[in-house]
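Let me give you the structure first, and then I'll get to my questions.
We call the chains A, B, C and D, going by the order they appear; numbering starts again at 1 in every chain.
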Amino acid sequence: MKTADIVASPVRLNAVEAPGQPEPSTELEQLYRGFERELLVPLWTEIGDLMPVHPRSKASPHLWRWDNLVALAARAGQLVPVGRGGERRAIALANPSLGGKPYATPTLWAAIQYLMPGEDAPEHRHSQHAFRFVVEGEGVWTVVNGDAVRMSRGDFLPQSGWNWHSHHNAATAPMAWIDGLDIPFSYYTESQFFEFGREKTTATSKATPQHSRSERLWGHAGLRPVSQPDPTTATPLLAYRWADTDRALREQLALESEGHPATLSAGHAAVRYTNPTTGGDVLPTIRAEMHRLRGGAATLARREVGSSVYQVFDGRGSVTVGDHTWSVGRGDMFVVPSWVLFAATAATGASTLDLFRFSDSPIFEALHAQRTHVGAP
Amino acid sequence: MKTADIVASPVRLNAVEAPGQPEPSTELEQLYRGFERELLVPLWTEIGDLMPVHPRSKASPHLWRWDNLVALAARAGQLVPVGRGGERRAIALANPSLGGKPYATPTLWAAIQYLMPGEDAPEHRHSQHAFRFVVEGEGVWTVVNGDAVRMSRGDFLPQSGWNWHSHHNAATAPMAWIDGLDIPFSYYTESQFFEFGREKTTATSKATPQHSRSERLWGHAGLRPVSQPDPTTATPLLAYRWADTDRALREQLALESEGHPATLSAGHAAVRYTNPTTGGDVLPTIRAEMHRLRGGAATLARREVGSSVYQVFDGRGSVTVGDHTWSVGRGDMFVVPSWVLFAATAATGASTLDLFRFSDSPIFEALHAQRTHVGAP
Amino acid sequence: MKTADIVASPVRLNAVEAPGQPEPSTELEQLYRGFERELLVPLWTEIGDLMPVHPRSKASPHLWRWDNLVALAARAGQLVPVGRGGERRAIALANPSLGGKPYATPTLWAAIQYLMPGEDAPEHRHSQHAFRFVVEGEGVWTVVNGDAVRMSRGDFLPQSGWNWHSHHNAATAPMAWIDGLDIPFSYYTESQFFEFGREKTTATSKATPQHSRSERLWGHAGLRPVSQPDPTTATPLLAYRWADTDRALREQLALESEGHPATLSAGHAAVRYTNPTTGGDVLPTIRAEMHRLRGGAATLARREVGSSVYQVFDGRGSVTVGDHTWSVGRGDMFVVPSWVLFAATAATGASTLDLFRFSDSPIFEALHAQRTHVGAP
Amino acid sequence: MKTADIVASPVRLNAVEAPGQPEPSTELEQLYRGFERELLVPLWTEIGDLMPVHPRSKASPHLWRWDNLVALAARAGQLVPVGRGGERRAIALANPSLGGKPYATPTLWAAIQYLMPGEDAPEHRHSQHAFRFVVEGEGVWTVVNGDAVRMSRGDFLPQSGWNWHSHHNAATAPMAWIDGLDIPFSYYTESQFFEFGREKTTATSKATPQHSRSERLWGHAGLRPVSQPDPTTATPLLAYRWADTDRALREQLALESEGHPATLSAGHAAVRYTNPTTGGDVLPTIRAEMHRLRGGAATLARREVGSSVYQVFDGRGSVTVGDHTWSVGRGDMFVVPSWVLFAATAATGASTLDLFRFSDSPIFEALHAQRTHVGAP
């Protein structure tokens, strides 16, 4: 840091007119120069920004259209090979207020990943927690510690830290899906590790099985293999299939129609993907949920500590994030920064609006810093 | 307690010849009389029984044949009405070494319950935790807080403490099933509460639905209703269906055949029924599991702190409990007292041996008193 | 169990007149004989006793006078040697309603232990959790895994399961103290293990140090040795000294006098002995507390699931346990069975009434079975 | 974000030569422009920085000399009033590699605070967790929810989030101390709340008491007020006094000298400040410890996920942080970034080196992301 950096800090200049500031004087100026020389910054000039009354996110609400994402990813499929070093053909949402960094929000990474027929994304492992979610297509398998996991529309595939994984496209068409990770959080907190694995996938069989071994062992509601007695910090179940998610959401709406409590609010069903060994979130740092609104129904307006990324899985509707309101359809992605008001409404009609959401909520719950405000501002 | 009771205590008389006893004398006799008058008992005469090297269960291994249980229950169906006061037509296993008490083991109650066509067992609630397991038949529904739960062969229905419940036989034939509860433990520790409810079942619909509301809300592997965010001390899922249990066991054996770790030991698959909000046991005091042995396969021999009750769900085989070895078939029930060696072997042939088991293990795990010894004695 | 035992069961005979019983008949009689032959007991004849509306303890309230306890213990000191086999010169309270068993309550053991000058109680270990509490005297040391722990008036010494321990009286006078253990609970649940150790104490030094190593490592409020990072299931601190307990109680009453919340109710201070690695109870199955009432003050009346044993540490007052009210003074011991109303009042005057209490509450909290009712019945 | 921002990103330009990059071409250039227009950033150009093999901290090791800190703080005492708006006369360490931000490390704030005789720092509360540590002086009291807490040399005063607090200097001399907070972490994760309180301190008495109410209630090792039964997310104890800390450290070294395990390594004693209701860290996001090295002794070299700030409390020695080695003395402060090697050695001689340390370790432990490497690199 050069001394000049501090002098030029816009925060400092603004702060002179902030409440509670000392009168400008030559002596004060000398004191501030002294601070700079010693690499010190006073609280009183910074407190308004540093310690706001409530979170004021640096991130902006923003919407990315799926068509644009897919078109650019497809072009990358033609121009950019996949292999060791670059590791993945993944293209990340860069929040417009986060300095060009590939961060959807301050803590969350969200990317479209794209694999051409026959391609392999090489094996590696990292301490960052990840998941895949498939808004359309099929044919790619993710191989986790040698267990091949089929990927199909609507499937959610968590990928907890430090497990070997690779991808292979066994189909005759390209396939796109989204990746979510805690890369920005790990990067900022400087807690990440990475290791390269083999160049080729490590599937134990040529053909992708219908169900991964993890599903066969763990995918039975309320039933735990006695051979696996201990809770694990992340889910051992590697795929949550759309048929199950869809049925769970349908049942919530049906129960509501029959007069029983099941939904979050009128017409708003939601399931959270959980770790069957604990009942808690699938990953230590990432919460993932699927929300469904009946045609014409709306969520309650809501603010929460922490940020979310949404992808429209199906249907049409409108979403409000802070001062923005957008019409959205399949595949569209948008971010809700911390403490920014969010609400969604499904288009009127027979069909529902399905919203996939992931967030950093487990971080705040683990640290007892979670707050939620439900209702209009 | 009369003074004479202590004098006559067989423990006291035996103890005189136990190691570390004082020399008999008139003075000692007077001292012991003084103890009796003051309602005192010395440790040194009792320690061998009170503080053994390892658990020496008061309970005995014992086997009850299903045919006999059903025959007596059917006869009770003709002679004993079901209604308020008696509450249930349940007939409990009374371990031959527990003084004629209706205790299968010191902590566990196990009974056959029997309901004639059209009969109702009236509503009540109690702090004791319970479950039903159905070895054969169908047509009865259990109504829990107004939620009607179908009962069919192979289903496991947990019933955690202090929930209103009743039973109704909507079929044209009688039906029998088994009940497991922690009645002896609650009785001994003097921690139980009971309340009468309505005389009639409180089902909200005439016909039993295929799936209870609890299943529609909670019966989706790894998916949690977001409207129900908090962990609960017992499972909110009121039925674990045989089709799911069977599939989970089949998959474990298939994975084993493919060379992957999934079973407890060679040819021995097992699932534990769990609370989806915590991943832990279904009930705070009762563990329930289904075990499957391939034809010809055997479990490892095993001793555990705490007691178990088993019912053969299907197949044939032999079981060893301490010094006893029995041939067993469908519906037969037996108890394994604390720290008594247990092993089972499936009959050779194509079919498997399925054993339903429940135990008091959660008590010992909660209190950090669990110990297990695997292998021959 | 002989068949005749069941026939003769007084419960069965009484039950015939209980509500909800079938009409007596020859067929019913034959059915009941059939139950006996098959070792079965029906619920409907037992339910009134087995599943009461609230706990109805088999144990009775009872008071033991300290003078009597000490006199008999001293006589035992003359007549009964201490050594391998008998292990301890401990004389247990035998609740008058528990069949002459050495059980203060269904779950708790309470005994006076007595050691003559120069005597050693030999080393052993057991899974039962224990503590010592010293109402008067000093000079004995307990040696735990080689760590010598001084015992003096007012000190509380927890002794968690499976640690080697012995006692040595290094003074020139006999010394008495009380032991509390979960022997009845471990015995009933059949979860106990025992092992003999060396004949002689294993203290590493001749003289008892003022403070044990455990106190030097763990006895600093809010400070944890970084070399010992993990929580332990029972406390690593082997002595809680009277000076600290007394100061904590004085401060609560002083804070109350200054108008701040600190006491349980007016004039009623209380501290719980805790495990510094978890903040929870010192032992997995036993809670221990010291209560202090200002002169003339009274506790609120209270019922709780689970049982307690009290010893008057200092002062005079009266205690009510169910239908009994006793005047009590130093050293007197009494039991409060489950769900029996308890209240205490300190004698009017300058001095306080100090009551040491231990209970089985952690068992019920761990199993989510705790209930408390505060206020008159 | 302007498009130009992304183009100019130095990461992007460097990345062209990183392994696994596509061949430059006009088409690739057009693709990258497309990414920029759509606010997208590819993984393959960023992965080397974003997902390193192990943490590579943006922060630098740096040392601040206490004399310089005090001199500047004293000058601020003359020139900068304390009051509403600026809130505190606190001057923060600004890590030289963190862009002039007042961050000692990416997650931790460390500042010297200074109060002139008679001054009040006004009441406020915030969700950020804080503590004070006093390297020298006395006379200031911190008032927390009306409870006045004396501050003296060696005292550690945790201040958990959302409690009202103010400071008052009741002495005739200025006083300086250090503040530690999780401001950068809260700021980055956008999870902070703030509220102004009264202008004046809310002490209930004129004179500072020797002990705060919190100490009188909670400052007794292993003793918990029964009136406060539940665990709290942060410590209820508002002061950890030097006399206790010093004694705990002395005892560890004495035990080591007597041949017993007590220290982290030879000559290295350490205590962690803990929450007496849980045994865990005092604050959900901040760990605080005091380390003591015998004269001439050295710590083991160590790398950890997460960052620390140290202040020399007493003695002299040298510390190594990555490539830097500094001689240090009383009051000097330095930072150890994530995964940077740290070791310290006490100067040879009779006196010990006492190091106060605070870190963000609880964050990583809560999220299961903690890793430690002990030993040379």
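By our rule, contacts are C-beta pairs under 8 Å (C-beta built on N, C-alpha and C of every residue); 3 or more make two chains touch, one makes a residue touch a chain.
On a predicted model such as this, the values are computed, not experimentally measured, just so you know.
*Asks:* Kindly list the shared contact partners of chain A and chain D, in label order.
*Replies:* Looking at chain D and chain A together, no chain touches each of them.
*Asks:* From the centre of chain A, which chain's CA centre is farthest?
*Replies:* C
*Asks:* Would you mind pulling out the distance in Å between where the CA atoms of chain B average out and where those of chain C do?
*Replies:* Taking the mean C-alpha position of each chain, the two centres sit 29 Å apart.
*Asks:* Mind checking the centre-to-centre distance between chain B and chain D? Centres are C-alpha means, answer in whole Å.
*Replies:* 53
*Asks:* Quick one: chain C and chain D, Cα centre-to-centre, how many Å?
*Replies:* Their C-alpha centroids are separated by 44 Å.
*Asks:* Do you know which chain B residues sit against two or more other chains?
*Replies:* none
*Asks:* Chain contact topology under the given definition, line, ring, star, complete or other?
*Replies:* Its topology is that of a ring.
*Asks:* For chain D, which residues count as touching chain C in their complex?
*Replies:* 213, 216-227, 231, 235, 237, 240, 244-245, 247-248, 251-252, 254-255, 260-264, 270-279, 282, 289, 291
*Asks:* Which of the residues in chain D end up touching chain A in this complex?
*Replies:* That would be residues 1, 5-6, 9, 18-22, 25, 27-28, 31, 34-35, 38-47, 50-59, 62, 64, 68-69, 72, 75-76, 79-81, 83-102, 106-107, 111, 126-128, 161, 183, 185-195, 233, 284-285, 305-307, 337-339, 360, 362-364, 366-369, 371 of chain D.
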